[in-house]
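Chains: A, B, C and D, in written order; residue numbering restarts at 1 for each.
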Amino acid sequence: MRNKVLKLDEAASWVHSGASISIGGFTSQRHPTALLRELIRQRVKDLTVYYHSAGSDLDLLIGAGCVHRLEGAYLADGVFAPIAPNFRRFVESSRIEFEDYTNAAMMARFAAGAMGLPFLPTRSMLGTDMMPGRQGSSVEPGKTAGRSGCKALEMACPFSGELLALVPAVRSDFCLLHVQQASANGLLRIEGQEFLDVQQALAATTVIATCEELVDEEILRREPERNRIPSFAVHAVVPVPFGAHPHGVHNHYDYDPEHLRRYNTAAKSDAAFAEYLEQFVFGAASHDAYLQAVGGPERLAQLCPCQGVGYNPLLKRSV
Amino acid sequence: MNKRRCSTMEIMAVAAAREIRDREVVFAGTGLPMLATMLAQQTHAPDCVIVFEAGAIDPRMLHLPMSVGDSRTLVGAAQAAGLFEIFNYVLQGGRVDVGFLGGAQIDRYGNINSTGIGPDRQRPAVRLPGSGGSADVAALSRRTVIIAHHQRRRFPLRVDYCTSPGWIDGGATRRAAGIYGGGPAAVVTTMGVIRYREPTKNPYLASYHPGIDAQQVQRETGFELDISEALETQPPSAEELDILRHQIDPERIFLK
Amino acid sequence: MRNKVLKLDEAASWVHSGASISIGGFTSQRHPTALLRELIRQRVKDLTVYYHSAGSDLDLLIGAGCVHRLEGAYLADGVFAPIAPNFRRFVESSRIEFEDYTNAAMMARFAAGAMGLPFLPTRSMLGTDMMPGRQGSSVEPGKTAGRSGCKALEMACPFSGELLALVPAVRSDFCLLHVQQASANGLLRIEGQEFLDVQQALAATTVIATCEELVDEEILRREPERNRIPSFAVHAVVPVPFGAHPHGVHNHYDYDPEHLRRYNTAAKSDAAFAEYLEQFVFGAASHDAYLQAVGGPERLAQLCPCQGVGYNPLLKRSV
Amino acid sequence: MNKRRCSTMEIMAVAAAREIRDREVVFAGTGLPMLATMLAQQTHAPDCVIVFEAGAIDPRMLHLPMSVGDSRTLVGAAQAAGLFEIFNYVLQGGRVDVGFLGGAQIDRYGNINSTGIGPDRQRPAVRLPGSGGSADVAALSRRTVIIAHHQRRRFPLRVDYCTSPGWIDGGATRRAAGIYGGGPAAVVTTMGVIRYREPTKNPYLASYHPGIDAQQVQRETGFELDISEALETQPPSAEELDILRHQIDPERIFLK
């Protein structure tokens, strides 16, 4: 078996400016946030990001000026931010390209990429202003997303005659994931919801997985039903405890409501966000320094779950 | 029950819960739909099943999730899957009976905008979060229930951007757009409950909440609403309020 | 929660003559064979069967005269039968309709049915004589499989221009499965390979699952990551220990090489197979009687696995 | 090594094993391909990964499976998945380096028939099992290795039914049929090893097994085979035979 373990800065250095990426996780859960902060420190620019339901993971990259183009479905952070603040500001001031799909359409696009198909059909998208050529569409057919330059197409099913939307596959240069456990050889174990991590990983040329724990592969092989991403599809493994903070990791730690509120407040203006970046990304030049900056072991202990429920039932969440 | 003792959010949660029947599969998003579904499970619909797009199927939640990806959606769950399974096998596979929706704008035919406000699609006056699963739920559930803050600017004749198709332009236009199932059954707002007539899909006010009258609802609505048959919304029972306040949202995460 | 537990004969009586079905499992593993024997006893006829890689499960139904039409990819039983004998005889004597696909194409057809789509694209099938209109095809377009009457179509991808085959969805009236564990409410747990059971179940209108063990649903809910078929898609649960014999069930019992050899020898002629049916199906009028007929507890004990490997390493397999 | 001490099956298993390189992903079917892959893992390709279409990925098998669905494919496996994952994510996703194939007829361009013998497709003289995953592996692996019993009737100029496409009609016809990857790299038979020339894809005899000569191979082949450069197949080493006989197939399930 191969040893694919890298340090955080080494793994981040693989991601070049201009690359296309997708990021694992969902809204406030299981994002590879430590890796994203390292991308920002390394001044990666001009990323194209494919996403479904992103949160302050992607919003952080946007606010740090790393992103040139977005194709996805949802950017918000639940109760903490009904609209992701940097996303909103960058769109409203025309500082970023974007193309809107639905979650099911992005799921189909990633799944098509994972399945080696150039497109998948979906019953969604029809009748919405996301379809090209619609009165409300931001783009015309042949002008945008997909390798072919086409966002989506309508087709009558040749078998049934029913209308369907076809959406083009996503193939990204990188997929950045955070999982609970990984072996040095790249076998990954996700606990709780998978979100779309399996399909996102398999739709990428290169997969970088950060993990809470590096474990002996023999342990993961005892329950082969629970491993969903083949190790031959994973290229780098980076052990980063608390690597998703301020987002939660099922069975490891809860999201951090205090920090998410702080983030979403700061992200409402360029000036405040520059201060946030200075304090938590550039000023905290390593993951350890970041963890200190957000409250250190004392705060992290408050996020730790009760055995049996995967989160901390006593966590103070309301203001 | 003294009507003044319950909040608008509580009235809405109870009204939304009553849209759910026992044994139904419910696609619930963050916030009020979660409250409503959990309330339905603890009252008249013990065997309704919640699914969350992030992957949890049929949980027995002990604490209210702050988003559909929250670990709290997994307590006692029958399945921890992912978006692939939920959108393909559950939603597009035709297994969802009732889907909950929200949005910044809801128009005359129940079309929803959660993408952007204003005429310029590439430079909206307000950029909203985007569809997420909303357009998918709108197209693929057997029926939908929309939750909305009732203000005239939020209820325009026509949405600026159709994120989630309702009855499109009324009549058979939804079907003509290639959408075979579903459509909005009710819009539960801060002021009342709107439904749609067959076969025109024209909206009518089914009920107004306690303390509000039908004319007030019409004034806060940017399109014509038939209010001729509107009745007062049946207020929450003491039991429903007790469950909402003390079992479902004691942290007051969504209930204000 | 609902109680969906039925007896074997009750569940079998749901399957009417003329129905379309699919059968879970793969070659010599985890078929609902006890349920199939009960279908034969109840004289079900004219079935259409959709399959991928079937073994002596489907061959048994064919030999018993239950099947009118087949659409699938492979009918054999590994080392025990390089060609399924009843299938071979029935086809060679024109006693059954059949249409050939590949495993990937049948996978795509079941997946399309499960996903609520009328078709899926595949990169397989192209260049083979399974494509309609090919020199070697048994059928012309518009003459056969699928609700639309079309077996498969070639399409140039509207995004990439690449050629693809489109295959129509399978929606069967019934899916008959055998799993390791089930709750009374219909939550199923598969151990080991899933084969295509999840997609076959979700592509069926009615799902009947036989199981080795009926367990409290709370036990299955402790590992929600390992449950892949929602209980709302399952309609009947039938506890049938050794319900897959002579096929194997991972972690429960091995396939029975002696009986599989006996089966495949008998299935080579109508006369011998009639005797087989008399002895093991009609003459053994219940599952208990069948288990006695194949050797009773003594033989079954020889099939039981070693903990840790899921099969019996000491089983005598070669002749 | 005394050549007479090893069987044809053993020579074939060793020749097939040598087609696998280290770290490759191998799609293996029942029988000789399993022997070959397990042998490769224990000799020159310790990090090659086996996948089985029924769902097992990267096992460390202790006992030889009798079919690809066998529980024995799961010992020490990295994943227990299913056909959906294997065919979509692994095979069609382009992850398979080498796929093994067999069949009743192999023609001049490595097209395989495992469906039916005879001119009448609806009433074949011999009905074979069908494609299974064979056509899929033939189309979607980076390259394939075909295992075959070398008899003239099994090596016709043209297969009666093209189940699994090889080089179709030679030259660029495979690509023209819409098949982007792969194609047969070798046919390991009971008599020798056939390969294909670029760019015509015409077959040539690369080697004949010990005890057989090139003319014999041509006589048992129903199409013209360039035998001008054929050498003797390198015989199995003592170590290879020992591993095959004592570790991989001590039950003599496939080795005869």
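By our rule, a contact is a pair of C-beta atoms (placed from the backbone, for glycine too) under 8 Å apart; a residue touches a chain by one contact, two chains touch by 3 or more.
As the structure is a computational prediction, the values presented were derived from the model and not from experiment.
Between the contact lists of chain C and chain D, the overlap consists of A. Of the two chain pairs shown, B-C and A-B, the one joined by more C-beta contacts is A-B. Taking each chain's centre as the mean of its C-alpha atoms, chain A lies 39 Å from chain C. Centre to centre, using the average C-alpha position, chain B and chain D are separated by 57 Å.
Taking the mean of the C-alpha atoms as each chain's centre, chain A and chain B sit 27 Å apart. Contacts with at least two other chains are made by residues 56, 74, 80-81, 88, 92, 140 of chain D.
Each of residues 116-117, 122-123, 162, 164, 192, 194, 198, 225 in chain C touches at least two other chains. Chain pairs that touch one another are A-B, A-C, A-D, B-C, C-D. Across the complex, chain B meets chain A through its residues 30-31, 53-56, 62-63, 66-75, 80-84, 87-88, 91-92, 115-116, 121-136, 139-140, 160-165, 168, 174, 177-180, 251-254. By the touch rule above, chain C contacts chain B in their complex via residues 1-2, 114-117, 187, 198, 202, 217, 220-221, 224-225, 227-228, 230-233. The touching residues of chain C, counted against chain A in their complex, run 116-123, 146-148, 150, 153, 155, 157-162, 164, 166, 168-169, 190-192, 194, 225-226. Within the complex formed with chain B, the chain A residues making contact are 25-29, 52-53, 55, 72-80, 82-84, 87-88, 91-92, 94, 100-105, 107-108, 111, 122-130, 134, 136-138, 154, 162-164, 192-199, 248, 250-251, 254-255, 257, 305, 309-311, 313, 317-318. Contact residues on chain B toward chain C in their complex (touch as defined above): 23, 25, 47, 49, 56-58, 74, 76-81, 85, 88-90, 92-95, 140.
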